[in-house]
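Each of the next two complexes has chain A plus one more chain, namely chain B in the first and chain C in the second.
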Partner chain A sequence: MSNITEIVKDSNIVKFAEHKIPGGIHPAEFKSLSNQQPIKTLPLAQELIIPLTNSDHISGELQVNIGDQVSNGQLILASATETMASNIHSPCDGTVLEIDKKNTGHPSSLPLAAILIKQDSKTPQSTGIKKATRLQTNKTNRNWISATPQEIIERIHQAGIVGLGGAAFPTHTKFQTSLGKVNTLIVNAMECEPYITCDDRLLQENSSDILLGALITAKAVGASKILFGIEDNKPEAIANLKNEITSLIKSNYNYDKKNYQLPNIEIVIAKAKYPSGGEKQLIQLLTGREVPQGKYPAELGILVQNVATLYAVNNAVVHDINLTQRLVTITGDCVPQPGNYWIQFGTPISHIIDSLQIDSGDIPHVIFGGPLMGVAISDFNVPTQKSTNCIIFDSNEKLLNNNQEDSHSACIRCGECESVCPVSLLPQQLFWFSQSEQWEQLENQDLFDCIECGACTYVCPSIIPLVGYYRYAKSEIKYLDAKNKKSELAKKRFENRENRLAKIKAEREEKRRKTAEARKLAALNKEQDPDGKKSAIQAALDRVKNKKEQQS
Partner chain B sequence: MEILEPIIVLTLFASVCGALLGFAAIKFKTEGNPIVDQINGLLPQTQCGQCGHPGCKPYAEAISKGEAINRCPPGGEAGIKALAELLELEILELDESCGEETRPRVAYIREEECIGCTKCIQACPVDAIVGAAKLMHTVILSECTGCDLCIPPCPVDCIDMPFVETTSDNWRWAHPNKAAPSNKKNDSLIDVKLVS
Partner chain C sequence: MNLSSPFIHNDKTTSRIMLLVCSALIPGILVSFYFFGWGTLINLVVCSVYAVSAEALIMWLRKKSIAKALSDNSALLTGLLIGLSFPPMLPWWMSFIGVWFAIIIAKQLYGGLGFNPFNPAMVGYVLLLISFPVEMTSWLPSHEIAQQHPSFLETLQITFVGTTSDGNKLIDYRMLADGFTMATPLDESKTAFSLGLMTSEIIETSHFITNTNSWFWLNISFLVGGLLLLANRVIHWHIPTSMLLGMTITASVLYLYDNQLFLSPWLHLTMGATMLGAFFIATDPVTASTTPKGRLIYGAIIGFFIVIIRSFGGYPDAVAFAVLLLNIAVPTIDHYTKPSVYGSQTRENINA
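Presenting the complex of A and B:
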């Protein structure tokens, strides 16, 4: 790490983080497996499965139909600007074969709506498009300086960009809600989870693009300060980024000074510790401030963006490239050439296995994400999607921290979990309450502040799948809430119906009473005046009387 | 004469208290029976009538008058437990003469067979069926409680009661220490077609 001290020495751009987060763990990193090789591009698969949604609903309008010819980057699902959804584009040239429900890697492994596109091999490698548009002149490079925030956000919306750190939250929505509230952009380059190196590698090779993406983002949301948060285990990335920033500051004169002021840019180095890359943890590390419960970072004037997202922002705004691929770390002891690969969205795992000659014979599942927060996927037809930052092919079945065990030992109340919780919760209490299904107590103990980082599970000597219990409790509480809401609705509708029926009944009673009375009266009249002569005479007399009155 | 003073003071005090209590009794009068509302809040509101009462509220009233708490199949074991806790009664087994506890279900009208007789609309306790005379009817799934009451009046038997399908929206994480419930597809499920 002498390298790091040298980088920081005499620099006013790079500094060490002054603040700390509670808890945290130091798992073995396994990052050197994949962060030493230059980025490569994975050959395109024959058939790509593009997930259209992560739930039961498709929020947007499908732009293609079965049999349609599509080209790389063509819009296939258009979302409205207001919705919490993003556009989806075709990752290749080809033909739409199917629009159907497929297993796209939801933790329940339930099939969800997806599009199957057969790649058209006559056209050249689709990934070539990136380089072709890259060669555009500097003129387009500067367009964003004169663009309004809304124009930039609209472009990001069109390009279908989502948070590529893993949460896949629509970036344009995040920008929109931060607009006018934010003064600091924090770039999340922590990448604290073991095995994952895609952000590290991207910074090593493309830090100028990421920096430009950060400038565009800062301009779009009105931030005057950019902080790069990065762990001290990425010296090459830090050095590279520092050089880029230095040369940018020197070349500030190239920018239109009247219309543009360069934000204040700093790199903040934190000691490697898991999970300092969580959004709220990163803010706490860099600023010493905690995001209040139930609030967003925008409340503190902060917007956090992952480096891969900023790279995509740069691609979208400067090069007009829609998001159809991402850098994915392919690692684990079954991979002969671990490293980072540009992979089109929708590429099935089986294709990755074939093209990288991965020895997948014995492994029951791969891990999407890291070993602490990832999910096990055992169906190798599942495609990569926007949130897939890492796929681990490892022969160690127990590598996935949160994987559910059939049985575990009893809690011995050692308290290890409490000392590592980054949110200062009481994992032990949460476990006991989850086990005894005391939902109200769990909510009192702030179960919903748990970020499911898995640090507690990692240190538990009884190998209790703690996060498994929290997930179970969270979903049970949500289910019961929904059920209560439904029964409230049913109660209201039942009462409304009862009232309506009672009203109709009362009206009918009233009507019946009136007709009965009228009939009774008529019968009475008939008795007194059997053939109606009397009443006829009376009526005639009345008419004459009225006439006389009118005349006089 | 010394006795007079305390008598007057106490009488005055008592009448002031009485007046206050009387006022409070009128001003803060509780409408309805609060225990009935509490019981009703624990009932599942399916309004199915399996307990022998025309809806959940009547059953809640009956319970408050001493009827057994184990006559509600949709509420099931959890419902009986909650009622027992509220009323400080013993936990009972579900009365099987009322029915069995099943997974949640919804009514589904096979629309091509519906003749538009409106009989199911009149039977639905929560107004979850829409349609008009001689026109096709359909069930608003999100509002259906799965009470079965629409089935007997249907003259052409075109109503099914499939179980509610597990989807990504209502899917729940399994208990980590129990065997995971299978996500096997149930035969009686409706195949939902994708609307593009």
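Presenting the complex of A and C:
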């Protein structure tokens, strides 16, 4: 990597990471398959399937009906602001054909709510993405400098931006919870998983937009420092980004110095190692600090954003473009022209296969995401989503069979899993407890700190699907927790009802007792004074007595 | 079919690891063959056959796939390790008892590979050592100082029948040129110490020096194999390093205390089963500690006990005893050396 040394030499912008993360693995990268070709745009599909949710209910309000005409970028689902959801826009001009449950690639392969749109764009190639704009000449779109944080966050919310690194967490929510707590923006450009190169390529071609997105984000959350974390296997991207930052600093005088203070920007290069791109791992690499268990990075004054997300932030805030497409790495040995493509959300896999003449005849499934954390999808009608950063079409036996034998061989306690765990868990203890379903022990062993990076499974000599066991245990524990809560709630409701009934009964008893007493008293009076004369005389005597007392 | 990530693997499977360990024994096997003759090879073949057959038998009884169990090569490795630790020309039926006990009682009765708390090879070795102490310590002298060196046929005859066609017995091959018999240097020094000799007197005798030479090269050859394992990342550095360090420190303290009553650290490191133990026995993944800190503690205490038992115990060598002793301590060591999970330190700091 003489190239990298050259870039870092005598630079006060670029430096090497001073910290390390424990564990980690070095799988074959397969990145050169797709990171050498310029970005292209995939032709629009005839029909697009836009997933409306990732769970069993839609959080938000549907804006269209079957038969409606929609245009590219038009809002079709307005998310409720208080939920962890984001707006969804139409990725094309067209007509809403169906609103129904479809297989949208959920790991459970259960069908989820989606909208089917038949596109009728006059120019199917157009996707509305502008060429990269250089910062210095971009004087017209600097409204964001005078915008308030809330205005920027609201714009990001409107544009439907989510974390494009893979987790798809709503970006506006992340910004909102970071407001006032954050002094450092860390840009995640690590892209540590094999095959995936979309962030690398985006940095090679559009780093000025990403940089601007980072400035906007820093401004929105009040960060005075921006750190780009990137692996040393992306020398072109680093060089390009460095040039952009250098020219930005030189052009600092173009900015209104009174209203805007340019954050301190640095590029930090880390040795390529999986999974250094995990949010917590990246923070540890760049700052040497660990996010406390059960807390968010904001606790340390840090906000982490992926480069593709920042690109979308720039598009939304500067160019007013809603998020309807993303850069997707299409790769694997079945793809004649592997590379990175702008693909509208909702594009079915089958359309990608047709447009790129992919030889998919023999492969039973593709992988959405990378080979370590991705999802296998065998239904080729499944569409791309906001979280789809890579699709692997590969005929490699291992990628296809995933060593799912009937029964793996026994754990030999070699401890390999432990030595590669980036979180310093004891994967083999977790395995024993998962296998014997000892849920309490699992929680004691910090099962929920597992980031499911798959490093342990990658090195396990007994080929035990460890992460599979952890996923099972996690979902089982969550299910039991929910069940417990539910039954506790039911118990509480039952107890409340019992109490309420008892109270009503007691009140009724009391009332009955009082009336009975009154009746008894009346009956007693009646016995002693059958016609009421006695009491009348008594009353008259009392009146006279009162009068006398008043006179004297 | 329900596929879940990850989809890739580094191809280092159990059977490959075991095979790599087996092949790393080759330098040691060759050197042992050079100094002690055919007995070494016959031991290895006999013990491997016993080990694999015992494993197959149990798999058959447990109605499990024999091919799958044998393909992990763990039984083969146990057989080879036992074969190397038994003295050459040990009667065939003793090897049989040792190996079958190791595989069936120490390994399979606990549930097979991955479930045995004790190192099977060492259990088999210790069983024989305690039951047949004379035979188990009747090691051949190196061929340079032996009166006569057995041929292949003679070795076979001694192992399986007890006498050669010429009427020679094992004791005849253990005779030195000067008519003395001699066991291993450790055994020799143990006996000498008990007779009241001093270290300087023991190490000066000429056949002690020659015999030391063969054991030195045997240890070097296991060290070479062990370094190959380290270079191929089959084993971790923690256990061998800490074990050798533990031995060095303990032996140094004793030697500095009285250099006429104890052997030097150098002799401890280069004699007996030190290197075989450090790189091939103590590193057995199933029975060793699994946490990085735990491995250091585990190795260091094994090293400590090897020197202590060698110096004060009743048997000349102590690798097997020390390893078994620490095997039983592994759950405790692992419990107290759990690494701190990401973010747990900071959580405590914040709470404090």
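By our rule, the second predicted complex is superposed on the first by the 468 of 552 C-alpha atoms of A that agree within 3 Å, B and C clash if a C-alpha of one lies under 4 Å from a C-alpha of the other, contacts with A are read in each partner's own complex, and residues count from 1 in each chain.
Keep in mind that, in the parts below, contacts are C-beta pairs under 8 Å (C-beta built on N, C-alpha and C of every residue); 3 or more make two chains touch, one makes a residue touch a chain.
Predicted model, so just to flag it, every value in this text is computed and none were measured.
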Fit or clash - chain C, chain B, common chain A: fit
Touched partner set for A:487, first chain B, second chain C, both or neither: first
Partner chain in contact with A:436 - chain B first, chain C second, else both or neither: neither
Contacts of A:419 with chain B and chain C, given as first, second, both or neither: second
Touched partner set for A:375, first chain B, second chain C, both or neither: second
Which superposed partner A:454 touches (first chain B, second chain C, both, neither): second
Partner chain in contact with A:409 - chain B first, chain C second, else both or neither: second
Touching partner for A:113 - first (chain B), second (chain C), both, neither: first
Residue contacts on chain A - larger count, chain B or chain C: C
Partner chain in contact with A:292 - chain B first, chain C second, else both or neither: second
First, second, both or neither for A:27, with chain B first and chain C second: second
Lowest C-alpha to C-alpha distance for chain C against chain B (Å): 7
Doubly contacted chain A residues - partners chain C and chain B: 107, 404, 465, 468, 471
Chain A partner contacts - residues on chain C that touch it in the complex: 1-10, 12-14, 16-17, 68, 72, 74, 112-115, 236, 285-288, 290-292, 295, 338-347, 349-350
In the complex, chain A residues that touch chain C: 22, 25, 27, 107, 194, 280, 284, 289-295, 299, 365, 367, 369, 371-376, 398-399, 402-404, 409-416, 418-419, 422-426, 428, 446, 449, 452, 454, 457-463, 465, 467-468, 471
Chain A - residues contacting chain B, complex: 54-57, 62, 65, 99-101, 106-110, 112-113, 404-408, 435, 465, 468-469, 471-472, 474-476, 478-479, 482, 486-491, 493-498
Footprint of chain A on chain B - complex, ascending: 40, 43-47, 55-57, 125-128, 143, 145, 166-177, 179-180, 183, 194, 196
